[in-house]
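Same chain, two partners: chain A is paired with chain B first, then with chain C.
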Partner chain A sequence: MSDEKKNGDFLDEVTSEEYKYGFVTDLESDQSPRGLSEDIIRFISKKKNEPDWLLEFRLKAYRHWLTLEEPDWALIHHPPIDYQDIIYFSAPKPKEKLKSLDEVDPELLDTFNKLGISLEEQKQLAGVAVDAVIDSVSVKTTFQDTLAKHDIIFCSFSEAVQNHPDLVKKYLGTVVPYTDNYFAALNSAVFSDGSFCFIPKGVRCPIELSTYFRINAANTGQFERTLLIAEEGGYVSYLEGCTAPQRDENQLHAAIVEIIVMDDAEVKYSTVQNWYPGNKEGKGGIYNFVTKRGLCKGKNSKISWTQVETGSAITWKYPSCVLLGDHSVGEFYSVAVTNNYQQADTGTKMIHLGKNTRSTIISKGISAGKSNNSYRGLVRVSKNADNARNYSQCDSLLLGDQCGAHTFPYIKTGNETSTVEHEATTSKISEDQLFYCQQRGIDMEKAIGLIVNGYAKQVLNKLPMEFAVEAKKLLEITLEGSVG
Partner chain B sequence: MEKKIKTIYPLEEILFKHFGEHTDEWKKSDHPSVTALRHEAISYFEKHGFPNQKMEKWRSTNLTGVYEEPLEIFDRHVAFDKKLSDIFLCEVHGFNTQVISMLNGSFYSPENHEITITNEGVIVGSMASAFKKYPNLVEKYFGKISGYQDDGFKAVNAAFWRDGVFVYVPDGVEVKNTFQLIKILNQPNLMVNTRNLIVLGKNSRLTFLHCDDSVNHNTGLTNTVNEIVLHENAELELYKLQNLNDDSALLNQTYVHQDANSRLKVNVLTLNGGMVRNEITDQLNGQGAESQISGLYLMDKEQHIDNQIFVNHNVPNCNSSQLFKGIMDDEATGVFNGFIYVARDAQKTNAFQRNNNVLITSAAHIDTQPHLEIYADDVKCSHGATVGQLDNEGMFYLMQRGIPYSDARMLLLFAFADEVISKINIEALRISIEDMVKRRLRGELSICDRCVLHCSNPEQPIVFDIDISKI
Partner chain C sequence: MLLNIKNLHVSIAGKEIIRGLNFSVNKGEIHAIMGPNGTGKSTLAAAITGREGYEITKGEIIFKGQVINDWSPDKRANEGVFLSFQYPIEIPGVSMTNFMRTALNARREYKELPPIPAGEFLKKMEEKKKLVEIHSKLTNRSVNEGFSGGEKKKNEIFQMALLEPELAILDETDSGLDIDALKVVANGVNQLKSDENAFIVITHYQRLLDYIVPDFVHVMYNGRIVKSGGKGLALELEERGYDWIKDQFDD
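On to the complex of A and B.
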């Protein structure tokens, strides 16, 4: 009895833990009127001074979007989204053209300092090139000179449209066409900015590239688009982090990430997603509907997705690999944590098209409070994918008796030489493990932290060092003590 | 969802026409509750129509071809004019069963004993007669656990069923004989809707063998709904044996309600059949209930098998396991959709699920979806699925000991299948099934258009051409 009470206290402590990124920055922003129409799309396009072909692309996507219906197959519940009540474009108002970091709006720098990403600090200590995106408009990209030496292009999407239109035109929408799904069509119509990265032939990117996304303005939706291309023999490790202020209303985030990898190239894409998850009654929070897909176009190419999902009221996200080139490799490592009333329906798709393609899926779900956490994944082996190999492992950990953990794998195999294996378990933290730790003088809370971290270690180890530390901390904040 | 333009298939038109023409006539003989159910079901069907591939449960099974067949809705009673053995030549050697037969969807009995009751009070017979003779007993259970919603075929069955088998085992009775239900279609182009109800009272026990067979190469669609109620501490062993011709379609929906400490054992053996779909929904509604559902499917040519297994743990302390294994040859396609649902507070649940498949050719295709939906924390649930080929090392081991390739392959395939076969408790049946599977693996059974059970004969056992002494 006293144990239960103690656990209850822990739960209270944890659930009352403030979302520490929930502040609002007083940035003046430039906004479009509410609602969505062809005029709004023209407004966004004009504001960004875009070429005609891009406007055409947006309008085509918008017209297609109008014919679609919001998908309802995921295990998530939310009130209907009023797409006419969203501000589709919001940019921090530029005071004047920026020349160096010192000229960046001090309020903005403050925001990033609060987030723990001091642009200055990162620039000097970590050697990470940062592209910061606020309300889906890129505000500052660091380390341009170093990257330029290697002919690597890393800039905001809008800059890429202005400076490298041929590259953008060639690859935009080739992996995630605007017809792909409801949210991809919406994003293709209204995307405001994002990051663009091009690794030329034979270049191994010497530093880790990173984008920080932040939603700041109220009533806005965030729609950014990332396009990453690695030419033959290229390599890049790309990190993405996200936060948003604490607000009572739900905000929509519908992003697209496209990755194209040529012969012998490798892209490692890591995400630490910590959008505002809503308060403990489930009010507010970000609806995170994201389409991420990588195309292993060349032989021996490799894409590795690593994600730590702790935020968002709703996560709907399936980073996928299309393994087209022979001998290409796809990997997916995920830790998804849900607490309170959060809902996550996340997983991956591995589409084996080429011969001797391999994929690995490691997914760790942790649910606490009254949340629901689902893994939904597809492994498809097409007829010509000889000797394709897949191994999937999906584990779920339940903390408390009010939450849910679900596994929905889809395996479609059409080749007799392929081997597909799927394993999943669902359990709670073992009493024996807890007893073992406590017996050795580790208190309940620390023991749980230890066990959960150990449980997620397989995935956390795949993260670059800077992120691994952050992810570990995040896990602790979200989970400590929430075991009953 | 309402926006989509609805296609009316020929078969749907036939069904509506048939319902319109016969509803008054049916009303005269039906129990009022059945009439009400028929009308509710037909209006559900009018609204939703047949299932399509946009539905999660029907994603991988396309029945459009069947919907376009001009089938005859067959619900007439067939008078007994031949010996049963002329139509059906089924016996398992050394295995005594009480045979119940159905021909083209109606109960078929040599002495016109539509329904019988034993000294112990076990009632077996035609569903239609049972409704007349024991209306209160039947009405208490009929349609209660399956309903008519969720699925077009379920609604069609509820609206059009005319007969089926009713079995009632009273409290405390252990039935010694195995009941064997044989269902045959012997006329071309029929759609048959049958409905079976099995009720087991407290502490009772029953073994039931359910055979679906074809006796010729006619096209046909069988749409069966089975309702099974297991009261406290009852035990049911259910074997489903499916060996149909390549042009037939079989839809089998089974709904089980389990009370406390009841035990269910289901074994589904699909050896042949153009399109076979087995949907089993098991509701564990009493603490301590156990369910063990296993299946084996050996498909070749252009056959399609679809196994949909839903096990719902609604209360704490229940155990369930699912094991399905399949061998897919030629251009066969298969679907396994296993679902474990654990309700909130259904603590101390143990639920396991496994699906293993072997693909023999590159044209064969298998979709497997082992799903878990869990809302309780003190549970042990796991699932596994594999799709692969025969173990190379195993093949090498056997071949280096002088066993020819084809025999080695057969041995390994048989070993793969044996995990399911060995779960059959009745020895005579197990031996007979082992025999059939061996034949099937040698490609003999698919050309046999007689009943599968007949093929096995202890005087002429099937052996592989292997000299065991050399191994």
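On to the complex of A and C.
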């Protein structure tokens, strides 16, 4: 489809819809009772037919969680979360074991079609393997056969536990231990599914792997876990998209992503996060408390995070890189947009441990309405990280005069040979730019979309093509009505 | 009559800049507006194009028979008013190609036409680039970003050529141009000139008018047009300067 066509479609969407993913799919689901206890954890583990060691892992995490307090250092505000009022496990009820797409619940397929990720089409055309997770349970992974030829494992987390328990056991919790933070402990206790990916030695994954997360059922939390391993010389580009229905109450999403990258291997992890942000008055929306971390374990390994964050009522998320291997590289490219009453406290941590390690941080914050948008980042260079280099650029763009942009860059360096650069700018869309666009016939709303997309281009360019198109549309939709 | 301005008064932040201006333009005409600095020439351009902050306190701007005082800038643009900016604005990260396609499609949408097909658009761009001798790579760059002074002005004329306005206002398009660039810009304007459109050329100097020959020359002073004439008036101003005007019309 040509760009103009896309723009045309986009216009219709902008004029007719607020949050286009706000539908609810009428699926029967298999739920746990509300609340959290060791019994609930046993219930989840049993439902998933898990080995004892995994139940033990969950219980340890739960007991540790009980000793923790919810963190309050982020620049976000919300009423206390009642963790006993959440349904921790909700799975669309399967009819039977599925052998092909034809057997997938038609309602579910319809949901995917609404989301624009038709599994059937994808299977034939797009060359993107999709693992779709609805209410924490992986529904269907396409492209298994193609991937199997390369000995790539890409499946739901539950399947990995059943079919590749040794790999899961070896890597689970090694990058984000359950002791890491409050939400990581919670996730480790109750996670119900997620995605697993293993790229063997020397294999470049020929297709982009994609996971689609969706919260569907009411009152549920979504706690998925992604574990991604690239062995020596492996490469994968991994995409993650998220949506949720519109609901008046807040819903909790606390995920963990762990990435382990060996010598000369590379993982590119892209996210377009569009959880329901709440309505114009700030009612409802997803609380998105996510821990994402990658370990560059081997020499010359590389992890690149790209995120476009447009949704969620609250975003608390710091995709990070631990640069352990010498000459390893960490990158973080982020666009975070907040409108109305949204709050985002997001950024990254680059931990330089190995010699000659390099990291780049490009963060573009866009705030509109009455929202608050913070960049929070840590660059730490350890004593042994000779010649470590970091470059950080944090830009904030303000639309209107009731929103806030904040930057909290922390730099700790313990090695004199390291170089750490930090640049930050805050700007407003200038009246000159708007008038220039308007004088060429482009209306105010479209002009803002154009200027914002230009501002975020450096990051959007890092996304795979199809994702970039979607991300651009999302930016414009998110900012709709932000200037009056 | 394409444009008819009646007893126009314009204030910026409460300060009156244009004080009772009358002015009209027919299709097929080129009008030059000259005058010393600070007499309201650029304010007039801003008022016609609807820039925010330029408050019309009295009078009417009538374009193609409709009073446009309250129209948004984009509506005026889509009805056929174009401004070549004195200081073209940079928009980082937005390519000229994307910008122009967006602008062109906005106009087509306004006229209830479907978006222009990609092939047709590219062909049209190539054609118009030649008109103002713009190099191909310039259109791949971000809007006006890193353009030289001359390139920026050529780029304004290029946009004008693509948008084909009925009324084009050139606000000091000649300032900062060397003689070669000036010829290119003038040549572009002359090729675009037709019986169906009109130009208002705002300038300090007679120089540009050697290449874009006006049908009428107006002198603005203290927010009014104080003298109008033919091409000869521009030459007279060139020779005598503006002091005799000031002497004659100072309050």
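The rule is short, and it goes like this: the second predicted complex is superposed on the first by the 460 of 484 C-alpha atoms of A that agree within 3 Å, B and C clash if a C-alpha of one lies under 4 Å from a C-alpha of the other, contacts with A are read in each partner's own complex, and residues count from 1 in each chain.
Convention: contacts are C-beta pairs under 8 Å (C-beta built on N, C-alpha and C of every residue); 3 or more make two chains touch, one makes a residue touch a chain.
Computed from a predicted model, the values in this text were never measured in an experiment.
**Student:** Which partner reaches more residues of chain A, chain B or chain C?
**Tutor:** Looking at chain B versus chain C, the one contacting more residues of chain A is B.
**Student:** With the two complexes superposed on chain A, say which partner A:446 touches: chain B (first), chain C (second), both, or neither.
**Tutor:** A:446 sits against chain C, while chain B stays out of touch.
**Student:** Now for A:409: first (chain B), second (chain C), both, or neither, which partner does it touch?
**Tutor:** In the superposition, A:409 touches chain B alone.
**Student:** Give one of first, second, both or neither to describe whether A:281 is in contact with chain B, with chain C, with both, or with none.
**Tutor:** It touches nothing on chain B or chain C.
**Student:** Which of the residues in chain A come into contact with chain B in the complex?
**Tutor:** 69, 73, 75, 381, 383, 396, 398-428, 484
**Student:** Quick check: in the complex, which residue numbers of chain C touch chain A?
**Tutor:** Within the complex, chain C contacts chain A at residues 49-53, 72-74, 77-78, 82-83, 85, 88-94, 98-103, 105-107, 109-110, 114-118, 121, 142-143, 159, 163.
**Student:** Can you check the complex and tell me which residues of chain B touch chain A?
**Tutor:** 1, 3, 56, 60, 344-345, 347, 357, 359-389
**Student:** Going by the contact rule at the top, pick out the chain A residues touching chain C in the complex.
**Tutor:** 2-5, 7-8, 11, 430-433, 435-444, 446, 450-451, 453-458
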